[in-house]
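Take a look at the structures below.
In the two complexes that follow, chain A is the common piece, with chain B as its partner first and chain C second.
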Partner chain A sequence: MPPTLPDFSNSVNLKYVKLGYHYLVDHFLTLTLTPVMIGIVVEIVRLGPDELLNMWNSVHFDLIQLLCSSFLLVFIATVYFMSKPRCIYLVDYACYKPPVTCRVPFATFMEHSRLILSNNPKSVEFQMRILERSGLGEETCLPPAIHYIPPKPTMEAARGEAEVVIFSAMDSLFEKTGLKPKDIDILIVNCSLFSPTPSLSAMVINKYKLRSNIKSFNLSGMGCSAGLISIDLARDLLQVHPNSNAVVVSTEIITPNYYQGKERAMLLPNCLFRMGGAAILLSNRRSERRRAKYRLVHVVRTHKGADDKAYRCVFEEEDREGKVGINLSKDLMAIAGEALKSNITTIGPLVLPGSEQLLFLLTLIGRKIFNPKWKPYIPDFKMAFEHFCIHAGGRAVIDELQKNLQLSAEHVEASRMTLHRFGNTSSSSLWYEMNYIESKGRMKKGDRVWQIAFGSGFKCNSAVWKCNRTIKTPTGGPWDDCIDRYPVHIPEVVKL
Partner chain B sequence: MVSPQQHHDHVYDLKLLSVGPGHVTGSDVVHDLTGLDLAMKLHYLKAVYLFSSHAAEGLTIMNMKEPMFCWCNDYFMTCGRIKRSEPSGRPYIKCNDCGIRVVEGVCDKTLDEWIEMEDGSRWNLLVYHRVIGPELSFSPLVYLQVTWFKCGGISLGISWAHLLGDAFSVSDFVNNWGRCMATLKANGSPTVAPRSQTTVPKPQPLSAKQVNHVGDLWVIANNCKMETFSFNLTTQHLSNLIWRSIAKFREGFEPQVVTVCRKDPNHDNNILGNTQVIRSIKADFSVVESDLNKLASLIAGDQNQGRDERNMIEASVEKDNGLTDYIIYGSNLTFVNLVNAGLYEMELKGKKPRFAYYSIQGVGDEGAVLVLPGPPPQGSTVIMAADEAIW
Partner chain C sequence: MELFFLLLCIPILYLFFILWKRVNDSRDQQCYILDYQCYKPSDDRMVGTEFCGEVIKRNKNLGLNEYKFLLKAVVSSGIGEQTYAPRIMFSGREECPKLEDGILEMEEFFCDSIGKLLSRAGISPQEIDLLVVNISMFAAVPSLSSRIINHYKMRSDIKSFNLTAMGCSASVISLDIIRNVFKSYKNKFALLVTSESLSPNWYAGNNRSMILANCLFRSGGCAILLTNNKALKHKAMFKLKCLVRTHHGAIDESYDCCVQKEDDEGRTGFHLSKTLPKAATRSLVDNLRTITPKILPFRELLRFMVVSLVKKWNIRHGSSPKGAPQGPIKAGVNFKSGVEHFCIHTGGKAVIDGIAASLDLSDYDLEPARMTLHRYGNTSASSLWYVLAYMEAKKRLKKGDRVFMISFGAGFKCNSCLWEVTRDLGDGNVWKDEVHRFPPKTLVNPYMEKYGWIQDEDPSTFKIPED
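Up next, the complex of A and B:
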């Protein structure tokens, strides 16, 4: 073999050094304890059984001491097992698949836009530019009321959309899990922008005739990160109520929230938000241990609402003509970056291997004490997780996170493809992404998944799941009929 | 923008939406337009089908929409929009799934009352129509209006750009929709009419007339106001009567050449395109003086009379790559024989339409006559210059 060039051999050496370091630190305990254990075993073997018996008899135990010690042991064990948080299992989940009759191709969206905003060609031009660069595909769906020129968002139509989306997802969940409506102990529904009376959770209880002592909650106004807030709430409730099932329904109802004015900052959501919903079954029953898909490991919530700029960056208000819409501020990306940093700072110590934490700590100390100009060390989260589900809020969000977390294209593929096929479905998008990974056959037992969601407030919430069993394809989800076409190449700018 | 109709209009409460294919057609699919298609671009076909309340029972716009999506999968070219190719400027259809425009409306009359009304222009209320242009790429090619009548009956009104296909294609289009409604299954894409080779120079056609450039607004500029009449007569002789009457009326300017359009005998039942036979017939005797029978034999079904000008029209258009604008209907007095167009083949819930009516929007000054089939007595539509109205 020819002699290797100097810089090549250097980089190879560096790679091995890094690997060695990580192995050393991550398995520190094992590496130190193993020799000790071996030493003890060797000593025992050397002593021989007779010597051991003599040693045992020389230790005088009287009854009281024996009883107290065993009582203490039992007591400690009981306290440990009682205070251990219950294991929360995700048994299964179902995503809503909109029918083809709701499909909105680019050309149709633009043509309707021109007709509705006929007096504002600049606004139409803006929408076209957004759509071209949005990363959405030609199969995303809007509810029937929005297909009219102009849209007809009545309350009846909004309820109709809610019924179709939520009931379809629930029916699919019942079918997949064999769950009986009477077995639901906790119901949490989150839908940010549509909050009728009686609530959507009451609507579900009415439709499926759920029990009268059900613990139901309806979360509204909490934005796209409300899905993980609901999971957090379900987890807390499942700690308090033993042997229970919790159903979480995450959706966003588009019908009443389609902006009908001409302010550009408020037209953006029209281009991105699409129909979607998901229903998730969580349980703390030990009997679900075998068939559950995932186990919930951590939920970390970060709220930047104390900062005024963060609070106002996604703001629902009336425009100059009195039309209500959601105003997205120009520093949305910067604020999202800040919120993510906060969230990572909290979740890092919980999930990162010791080696990464040590490096981060050392760099932090170094920057504080020695030289503030040192580049901050970004921990490599790829060592902590196999899969990433980044909320498909828009192409910019995914790009920003890919850059900040130094993720490869394959890591963000689930997010990009969900944005392309389903659009921004708000709180349920994480579940479509999860289903994408499963449908591709990439989800194996022991894989760790990180779900990150951003939302108005400004919030950044994370959930960490551990895969409980390898998931077979097809999964019976919304990707079944089109997964073979993915991944697709999404051009920077689509020619309309 | 839709503005609410005033209530003294019989059809009101119009709501617009778009319906397109359920499947993505693809990002670079185009439908080329032949010379014949381009020659027809200033004409539009209007068709109305009336169904009684038995046929329309239980129908809502929602359950009509689903079969429409499956129907549009096959007819994806009708869901596209016109674009001009660079650099020639020749129009073609980009199949971008934009969709057909569907309009819902309500009528305050019953079907019976409607059919008995005298006003010939009332059919326009049942067909939402807009011309193509001035923005070609945002002009739908097909409009479909569904109007509910007071008695529970419905009407389906189609406005169809003639460049897509002739009346026979429209009839197939509608019949296929009926089949989609019944079975919720697609019937397979229509065959697109074959493109003919026109390399041999051909003489000028008599049936096509050049008009001034219309630019991007595809509408005919008439020198006189055109009106539409419809009435029932029993035989083909109707056409001849009209020809004779007009000739008499226009004393000194007898129309000696007429254009006759009829179904191509080789026409497959699932073809989309302008395939109808276009013959120009010269009457080399004074029309006014001649025998009814002689005239009838000229128009009737005699294959050897007149000359089939389709290839000539194609060649003329192709000469300058589709840049010149032509009209066919109304360039001479035109007769269109729709008797075997299958107008009564559509079925809704197994019931045939109570009445089917076809008309042409955009007819040249010489006028046009459409001969429609059943229900007996046979109907016909006449589009003439208003001042030539002799009935």
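Up next, the complex of A and C:
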């Protein structure tokens, strides 16, 4: 019988050793300076108040010297504060909540599938199997045009969907923040697969009568990570333009992109992508410091396009019958893992505490010099972040990341529940997840959030936010009416 | 006290260091064009009016009225006989384009232009830090920026942006992104790729306002290499002085004048409404009002202010006739005092003439734009760069000259920017071998006579001629 009890006590000891080590390294500066400070205080107390007074009087101060030095101090302080990079605040954001009439429960979806693909029972079977294992719930939504049998993806309907999603999210954002349309200085809209002329950004400008000197940008084709690319662009612009507001609108318009053929690999996106959108208000105004929800700390972008396999793994193409759809390759998970590793290599040194970095460095040196067989040390990101928002690309993506980053079920709960309730809403899913964490009352001041998104090309982008104030529930978001039902247990396979 | 002064030195030195760093950083924030390469498609893609006539005839949905309208448009558009069309027009499949037609069209363009640009500049693709691609009417997954990154194996930490649907003024919008990113990062290279995708956007119906777009756009594109590294200042061609964007989307009439939508039969096309010139003028005036104070010398602004005050005073005291015809909106300012060359978006003859009237330009100033329209047609966002290349080929650009670029776009946008030439230029780019033939003796379309008769035909007895 293997002795289990000694192992248990060993592991407890090890845990305390680890904790002690981390505490020591992270608070190194404090721990070294505190004795010095104590020494100085003891010395001052020893000297006695009379001697201190004598020392003070012996230092003569001319008026001019006093003025000069105080002026110098003020000047240096001003220059220092002015040359710091501006703080980018996320004032608030709003997610689109689709109406109940657009719901697509499993039964509806399968009935549609059977009617449209009546000549291809194998494809219907495939869709059923995907849906069973997808991790989606019964309340995800598709736009009205797709509810038709067969779907009616006209440009009119696509514009209609865009208007409903974007305008609802914007209206909600205006209401929550009290922002006036005339105060928007920068507008960035990202929607991957639908870009009518005039652009969606022009559509927003027209609807809300925004100013004529607004800086608007319309990004498209950049996949599910486009939301973070837009945040990156907004950050660069806000560094250059002082006292400005930037609105970022992330969405994906499903209507024109519903695959109408029968190739199996291309039917997969139909099962996963759902209606959704988010509008985010970023600002660099000092006055927003009080009420902003988050502060942007880092944005790191990684593009694996140079590798052909990575480039081809999410590809829009025509099938044999000429119908356009998105082909997802089987290596998607492996490529996502690789891209994540690249991204982590850049973001690690920026966010990990000193103790983790030291360990990583030591193991790296050890592997290089002593023994290459040493296991590579995977830094513990749970020490750097309190919350994780992993793009709800699909169950497999979340599982893969949970394994790679060694996260617990609670860390990925936001992602899994968003996938269940809203489906894969592409670039806006990160904001639904953020809202989930807030609605659960878990977001406290000082918490750090890591948003990770993958996209076609193949990109892996991540953003780090720091919570600026404890967020009270209810948040006025899309989870308000159903947060009490969550978390739900999502079985491996839902039998249909 | 000596100790005190000695200690004072430290913060003073630190202060100077900080000030010097800030000045140094601001010098690094300038945006320079190192080189640019316009796209000249192969000769087998050349189309003339005759070919256009054939293509128009191919469309079974068009009747006599539409023929008349279109041929009149093509013949009087200012577009010459040597413009380029996408390959799909030659295989006759323009009404049913496939996804790969659009992709191949773009790949042909950027393999040519970007390849030439990078090899001439001596920069390897791995040195590019920022890639901005703007191609209005094409959206695919993965984006064209990803395609370029894959083709040239660019670095994984590249910043890429893919702009779409921003119309013919998207070049200047991409420049805005590059300029802003350059202010936050030092010593970066940026690649701007601009073009227009024509293959998937042919309109197959017969709605009058939509078929015009078919005949006006031509193939073209440009790749531009920019940097903010001041060590390369001596190699640079142009320096960006200022950039102004105006967006009139808030005005419903401006927003609706250029819309992509479906006609009554469900065919997607580009609707150009009759209010387009008015919207263009309005946004032009607004844009000029903002950029003029930034580019003209103080003396000229002062003079303009005095003149306009005098005019107002005159009108108030009734000494000038109130009912005087306004004519085309004249700015009243002498733009030549601050700008030597004008790069006008070649949207069409009317656009160029309209801007000429507003800015009070001579034929010499308009020659580059008119010649570009004649030789390359309306290549949408990249047209500005062809006009610039013409000026360079004609050896007009000398060090210290200022070039004013202005373009319009759907939405309705008017964007403009001012460049300063940093060294004498004379390379010529795509115009190199033929610029001596320009301007030609006559710009009249040779098919005016051949197709002029169509104006007199009676619709009831009209039969398509066999020739």
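One rule holds in what follows: the second predicted complex is superposed on the first by the 452 of 496 C-alpha atoms of A that agree within 3 Å, B and C clash if a C-alpha of one lies under 4 Å from a C-alpha of the other, contacts with A are read in each partner's own complex, and residues count from 1 in each chain.
Please note the rule applied: contacts are C-beta pairs under 8 Å (C-beta built on N, C-alpha and C of every residue); 3 or more make two chains touch, one makes a residue touch a chain.
Note that the structure is a prediction, hence the values are computed from the model and not measured.
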Touching partner for A:296 - first (chain B), second (chain C), both, neither: neither
Report the partner of chain A that touches more of its residues: chain B or chain C. C
Just chain B (first), just chain C (second), both, or neither: which does A:467 touch? neither
Report for A:112: first if it touches chain B alone, second if chain C alone, otherwise both or neither. first
For A:239, using the defined touch cut-off, is the partner it touches chain B, chain C, both, or neither? Pick first, second, both or neither. second
Contacts of A:195 with chain B and chain C, given as first, second, both or neither: second
I'd like to know which partner A:100 touches here: chain B for first, chain C for second, both or neither. first
Considering the complex alone, what residue numbers of chain B touch chain A? 1-2, 15-18, 20, 22-24, 62, 65-66, 69, 81, 96-99, 138
Would you tell me which residues of chain A are touching chain B in their complex? 99-101, 103, 105-108, 111-112, 114-116, 118, 137-139, 144, 147-150, 152
Can you check the complex and tell me which residues of chain A touch chain C? 60, 65, 68-69, 72-73, 75-76, 79-80, 83, 85, 154-156, 159, 192-203, 205-206, 208-223, 229, 232-233, 236-237, 239-240, 301-306, 308, 311, 314-318, 322, 324, 326, 342, 346, 456-459
In the complex with chain A, residue positions of chain C that touch it: 1, 4, 8, 11-12, 14-15, 18-19, 21-22, 98-100, 136-137, 139-147, 149-150, 153-167, 173, 176-177, 180-181, 183-184, 244-250, 252, 255, 258-262, 266, 268, 270, 286, 290, 410-413
